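Letters are used for the chains, namely A, B, C, D and E, taken in the order the chains are written, and counting of residues starts over at 1 for each.
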Amino acid sequence: MEINWSTILGIIFTPIIAFIVGVTYGGLTRVITARVQNRYGPPIFQNLLDIIKLYSKESNINHGVMQHLGPVFAITASVTTLFFVPVIKDSTVFTNFSFHGDLIFLLYIMVFGSLGMALGAGQTGNPNSAIGVSRGLSQLVGYEVPFVMALVAIMIQFQTTNLNDLLAVQDHFTKWIIFQSPFAFLAAILAFLGMMGYAPFDVVIAPAEIASGPPSEFGGKYLGLMLTSRSIFTFAKLVLFTDIFLGGASDFITLLIKTFILYMIPVLTGIVFPRYRTEQSIRFFWSWPLFFGIIAILVVVF
Amino acid sequence: MSPVHFIAVPLFAAFLIPLIGKVSKELVKIIPGIVLLYLSYLSISLFPIGVNRPIVEIIAGFNPPFGITLYYGPIAAFLTTLITLVGFVIWLYSYKFIIREPTEKYYMLFMMLITGSTGIVLTGDIFNLFVFFEITSIAAYSLTAFLRDRDGAEAAFKYLLIGSFASTFFLLAIAIIYANIHTLNLADIASKIKDIPLTTRLFILILIIIGLGIESEMFPLNGWAPDAYSQAPSPVGAVFGGIVVKAAIYSLMRIIFLMFHTADVLHFLVVMGVITLLIAEMSAMKQQQIKRMLAFSSIGQMGLVIIAFGVGTEPSVRAAMFQMFNHALIKSLLFFAAGYLVFHSGSKKISALDGLGHDKPITSFFFAFGALAIIGLPPFSGFWSKLYILLSVADAGLMVPVVLILISSIIEAVYYLRVVSRLYFYKEEATDVRRTPVSGLVAMGILTVVILIVGFYPNLILHWMTPAANDLLDKAAYIKFGLFH
Amino acid sequence: MNSIEYILFITFIGAGLTFIVHHALPKLRDTLAILVSALDLYFVIQAISEKSKVVLSIADFHLIWKTTPYNNLFAVLIAVLGFLTILYAHDFMSSKDRLGYFYMNFLFALGGMYGIVYSQDFISLFFFWEIMTWASFLLVIYCCKDAQPIGLKYFVFSAIGAYSLLIAIVMLYSLSGNLELTNLISNFSNFSVSNQLIVVTLLLLGFGVKSAIMPLHVWAPGAYFISPSPFTALFSGALSKMGIFGIGLVLFKFAAQSGYFSYVQIILAWIGGITALLATFYAIFQTDAKKLLAYSSIGQLGYIIIGLAIGTPLSIASALFLTILHAAFKAMLFMATGAVYFRTGTTDMNSVSGLIRKMPFSFITALFGIITVSGVPPLGGFAAKWMLYESLIQSRHYFLVIVVFAASTAAFLYLYRFIFSLFLGQEEKEWEDVKEAPLLMVIPMLILSAFVLVVGVFPGLILDPISQSMNYLGNFNFNYETSVLFNEWGNQVDMQTVVNTIGAVFLIVGLIITFKGFKKTRYVSTKDIHTSGEIPQENENLTYAVDFYKPFERAIAPILKSSIDKIYTGIANNLEQAFDYLRYVYTGNGQTYAMYVVFFLSLLILFAELIFGINL
Amino acid sequence: MDKDFINENKTIEEIKNTFHSAEAKLQRKNRIIVKLRSDLIPPFLSYAKNYLSFDHLAHFSCVDWIEDNQFELVYILYSYEKNIIAIVKTRIDREKAEFVTVKHLWRQAETFEREFHEMYGINFTGNNRLTEFILEDWDDIPPMRRDFDTMQYSKENFYTRPGREDAQDVREVITKKSGEKIPDFAKEFSVRKLK
Amino acid sequence: MYNDKEASKIVDIIKNFARKHSLWIVAYGTGCGAIELPPTMTSRYDAERFGIRGSATPRQADVLLITGYLSVKTLKRVIRTYEQMQEPKYVIGFGSCTINGGMYWDSYNTIKALDRYLPVDVYINGCMPRPEAVISGFIKLQELIAQGKADGAKRYQENLEWYRENQRKVIKNWRMPEYNW
């Protein structure tokens, strides 16, 4: 990899932009949720305030090195994911390292964070954390399968595993993969619901049940780092989906619009649905999304 | 230096032993050893001569086909060597094992048995064969009942019962042959057998198969074997497995290859061999007595040998001989080890063997060694003979027996390894370390070393197998030498 | 003497000597074993450059041993792993008895493996295959009474495998009169199609048993579980690879010559896929760490078999890469588990917990191990998985890739459970006095950890010998650089960029979070957790370990209902019953026996002409 | 007797026929009261459960009759079949507060008994779970006994914020309002004299 | 140019602003007052407007809300919960029971003055205080935070011995884990 100014700019600015957008989207979610519930809701920058507050906590505790490093794993995964996704199409600055990795790499680096967090949560020794991790990993198996099916369908269809190639294919909005391969999109977007962890797939953190699950022993700067990571990761996932299905974006306005529309799908679903149990959600992912995934592959093959 | 010594010396010794017994008990024990040592020396020194050109000895002055001949060919050389060597090892083992009086009877019978079996191997006369057969059998019946307990007597009686069937049928066959072609010389019979009408020939064949099949432990004629093996003293088990059966199967094969060498008979032998093998191994699986288990295993091995003979090609006969050799050694080793194991555990049951591996490390080691060897695992000698049998059977295009042999091998492995596990792993600590007498250990040690050496250099034995196999298969040569043509 | 002779000679003589030395000079025993394995390692490396060949005539056969790139690959794997495990065994086994037995069989197993990998004919291969089998069997039953049925199961399955090999060998011999590999390979296309099919099936079956493919895997969990940990590492890492070695040989040297190769490939690949998936599912619900790893091992071998079966250059590369890597990481995991066992006396995941601060190095090893198994970058597992997926997708095995991916995702579950149960979680008072394993146990673990890290960054280091051995297997070429992997479509993953990014971000954020509020960040014990205000008592167990994946179990309950193991047990029991009845053929009654004789006589007389024919 | 209460009367009859010393009477529709000697309680409850179909122990309570130096145990049973509530009362000695458990009849009785053990100090033989229940580390006399002075305890143990000195005893205020006369002997325990 | 002091002042302002607008309550309902929280949080009164929301565990929370009478047994748990929270942390006494015992003024089992045992930043009066009152209490707390006066945690640390003494007096069997402040 060769280092030049555009790379450095990209490395510096992409996470910052991702953080800001992710945090704002998070705040927006809360506002929208509040409005749906006939409330006024917090200010749109509420999540930012929360994160700042968490960072400014004066005392922090951990139960050992792994808990200390757990959020670091998480943010490493988010930022790395972000770096390997072309944020802006054909931009020299915001494509970052997307030529050096491909979809399968992204699939794996995306779970890197969850695993790191799980290790951190494990070390706290809190039974709730362990229960949360158990649920989270089980659910992961659920939604990864249809997601991979969708990706495989797309990879076969366009004979590439690189995101930039996929972007190059979708040069006109009629050629967006969402239209070329709708079943793959369906499978992927249903899996995306699980990936985002909003209701009905929020059994992992289930606040009233297992005290927010894995992060239940995390506070202060650790929780702040986790929330930061979550914001960046949300944005990274949105950009990834935009790139795969919606033809990417050649400027920030388009990017924001597309990602926002995508983002609203899990958010609005989450507002109106109650929670699935773990096995229910796994069975859900292995029913319709899997079916769509199979159809997507079959459509491509024949 | 003549093959007659093989018969004469032990016979003489057998008659001498009761007399010496009046003088010295120790001498009684030593004399068989000296005799067997001498015979071993004799067999080894005669071996190269016999292999190159058969020695035919005429007894009582008449020329064949009228006189009685001894035919010392390659196969006889091989088998006498085997019998005398195994006999020597068995004597070594018996030296301390047979402590029950009257020992002179044991050694006398043992010598008789050696006489009989070497006689079977050597003789060129079918009636003489019968006579030696009777000597062997009667010695064997008595040895079975040697312990003079209820079980031994019962087993001996069963053996006697079935054995008298064998004698009767065999004698009947001889009578029919003689009535038809007026000769008793094997070579002569072989050249004239075609003169007998077909139906009579069939009848003779059936009578011989039954008569000799009983001693060769062919299913379903082997009912006597498990009892006899398990109730007789352990060295006698080794005698049966290592000597008697070998001689019997040799005589069966000799007669079949001389007189009835047709494809159908050979197929029949293969089928019988497979059945014998399978049923024996399956029955052995759930046996509760260790020596009974060994007996069934022995029957199974004989089935294997019968299969290999039945294939009837040169490599397969060679493999069968090799297997006979290995089986004689390994089964003797197993019987020796089992003898002391049973002796020390005080029970014939397998379940009584728990943890003996710690109490009696060396004996148990020999048993385990023998078990691994008889299953056919490399680098022990059993591996090569089994491999050769499989290769030759497959070469003859008989894939089904190959598969069945291997299945039976798996069963064999299972029951042997169960016993080995019991020996070593069912109890943690040694409770009562007892020593096996040195003579027994030496006997087992010799066998172990031979098994290992042959495992690494199978050529050592295989080298001599080719002439032996040819000897068995080459009917014309036998007739030629046997009748001095 | 050349290197191969040295290797075989030293190993076997060494094995015997160790046994003797154990009784004469117990102190020298371990040193001798280590020395033997070290010499082996030296000569194995020597053999690579030497290109040695040994021909030994034994009993009409020419036994040939030769170095080829493919052989060397496996030989080095065995030698390195053998050396490390023996090093590890020194302390691990120190409190056990019957060490002469242990080391002798250990070295016999090693020697058997060397014999297998260098062999160029089937007799020597089978010869050493059997030696390896019984040596490993004796080690499986080494521990205790409980091991006996397990060991017997292992032996029976091994025997089934070995004998199907033997049938194939015997068939090959009867077909071509020769058992030298080169001859057989060149003659193979002359055989009839059905013979080819039977031979290939039997050979695959034989090798498949050792690599525990799915319907034949039932021996593996128990055997891995019960054998002593140093050997388990070798068992799973190297011994099971002998199956892979054979499968590779059979597939590309024999099966590839025939027309039905593609069917064999597809069937084998799917068997591998199902193996991977089901073994993973079974692994998730194990409560014992070693059993979990055993099932994991079965699953990983499933991936390797898929890679071999697909048969594209990239997939073979991935399979061989995974072979080496699996040896490393499974050895690491078994060693870490062994270290836990060494200190706590159990590997039950429901009872051990919270050892991370007591056994940091074991934890790091286990962590590296699970990251490698899971295939998460930046460690070596990623490269292997990546190549496997890419090759599967590009060779149009779409549904197989889904199965593999599902298996590999589900693998996270058991991996997490493994490390969580042993090292993370509550630090119980019961394990307060636990210390880190001795140095000689830690060193092999750390060496392997370093290895997987290096391989993760520079997969090309290993891909060099792999591509050489692939050239030996057939004309397989694929594209790679030291740290860049390419698929057939030309897409790439630059491991160095990945590692740099991950490393940089991790370092920066890690430093920030460490130094932010450093003084007021404090460590609290795992008893000080949120328990709704309740104060945990000392004897109160807060560990969540039992039924860890109950929800998942409920979700996949239908799959788990039937177990292959039960079927086999049923068959075995029924057979034993049948045998038990059969033995009453021998009633012990003289009259019956006489009856048999008479029956047989009349049977023969009745059907005499039918049986013996008329041309007597 | 009213014809509407056939079931109740029948039950009362049955009780009286079986337990001659039982004082059983109808209180109102669906409700009967049974008073018994304490040693007859276990057989009676067993009888009530098995023969009179009182399957359910709806409640179990205790009253401290300090004047009589007795505790009154009140079992409230309910029969689903007859739709009758039976209130079974018995009295036990207060000094030597001990009674037999009925947890083998109704498992929920165990919890009640634990509570009485803690709050009244009654020992139920046969109940082996009479450990610390609701109160933690209680070392005074059981707090629901009427001779326990809660006000005094509170003053001794807790800091009381100044400004509540004029707080009045609720019971006194109520008696003042209703004009009810409290006998002197009862006053000692029920009404606190405030300074 | 700002000097260090001014810079840190600005940082403080930002910090306090964030703290003020992000108050996470640990949901620990001690008495009957907890029932007033649902209306406070939901659509009718919507306390989330002020950045107030519930959090599941004390590790994440800022505010400990004592919603009513505290029995001795509960006090033990509350102290532990409070000590598990991360600084800065605030305590709000909720209802008259926490102030002077309320209707449980003569109970043998409830404490009468919360501030003897935990450093209370804000008391909300009432029995029960209505949601409006709750919100006003929170706003009061926000003001205090903005001014930097909500230093309950600091007080607790400084006067730990005094608090401990009081706590030990009512909690007879003191089996609390000791913390390494």
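Convention: contacts are C-beta pairs under 8 Å (C-beta built on N, C-alpha and C of every residue); 3 or more make two chains touch, one makes a residue touch a chain.
Nothing here was measured: the structure is a model prediction, and the numbers come from that model.
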Field: Shortest walk length in steps over touching chains, subunit A through to subunit C
entry: 1
Query: So which chains count as neighbours of both subunit A and subunit B?
result: C
- request: Going by C-alpha centroids, which chain is farthest from subunit C? Tell me that one.
  value: D
Field: Chain nearest the overall C-alpha centroid of the shown protein atoms
entry: C
- request: Return the chain pair with more inter-chain C-beta contacts, choosing between D-E and A-E.
  value: A-E
Task: Using mean Cα positions as chain centres, tell me which chain lies farthest from subunit E.
output: B
Field: Geometric centre distance via CA averages, subunit C-subunit B, whole Å
entry: 44
Message: I'd like the Å distance between the centres of subunit B and subunit E, where a centre is the mean of that chain's Cα atoms.
response: 97
- request: Could you put a whole-Å number on the gap between the CA centroids of subunit C and subunit E?
  value: 58
- prompt: Which parts of subunit C, given as residue numbers and ranges, touch two or more other chains?
  reply: 520, 522, 527-528, 530, 532
Query: Where in subunit A do residues touch two or more other chains at once?
result: 57-61, 211, 216-217, 220
Subunit B residues counted as touching two or more neighbouring chains: none
Field: Touching pairs among all chains present in the structure
entry: A-C, A-E, B-C, C-E, D-E
- prompt: Which residues of subunit E touch subunit A in the complex?
  reply: 14-15, 17-19, 21-22, 24, 42-43, 46, 48-51, 53-57, 59-62, 85-88
- request: Using the touch definition up top, name the residues of subunit C that touch subunit B in the complex.
  value: 58-60, 123, 126-128, 130-131, 133-134, 137, 141, 144-145, 147-148, 151-152, 155-156, 159-160, 163, 166-167, 170-171, 173-174, 576, 578-580, 582-583, 585-588, 590, 592-594, 596-597, 599-601, 604-605, 608-609, 611-616
Field: Touching residues (chain side subunit C, partner subunit E) in the complex
entry: 520, 522, 527-528, 530, 532-535
Field: subunit E - residues contacting subunit C, complex
entry: 28, 57-59, 76-78, 80-81, 84, 87, 175-177, 180
Task: Give every residue of subunit C touching subunit A within the complex, in rising order.
output: 354, 356-357, 367, 371, 374-377, 382, 385-386, 389-390, 393, 396, 398-399, 401-402, 405-406, 409-410, 412-413, 416, 419-420, 424-427, 487, 489, 491-494, 496-498, 500-502, 505-506, 509-510, 513-514, 516-517, 520-532, 542-545, 548-552, 554-556
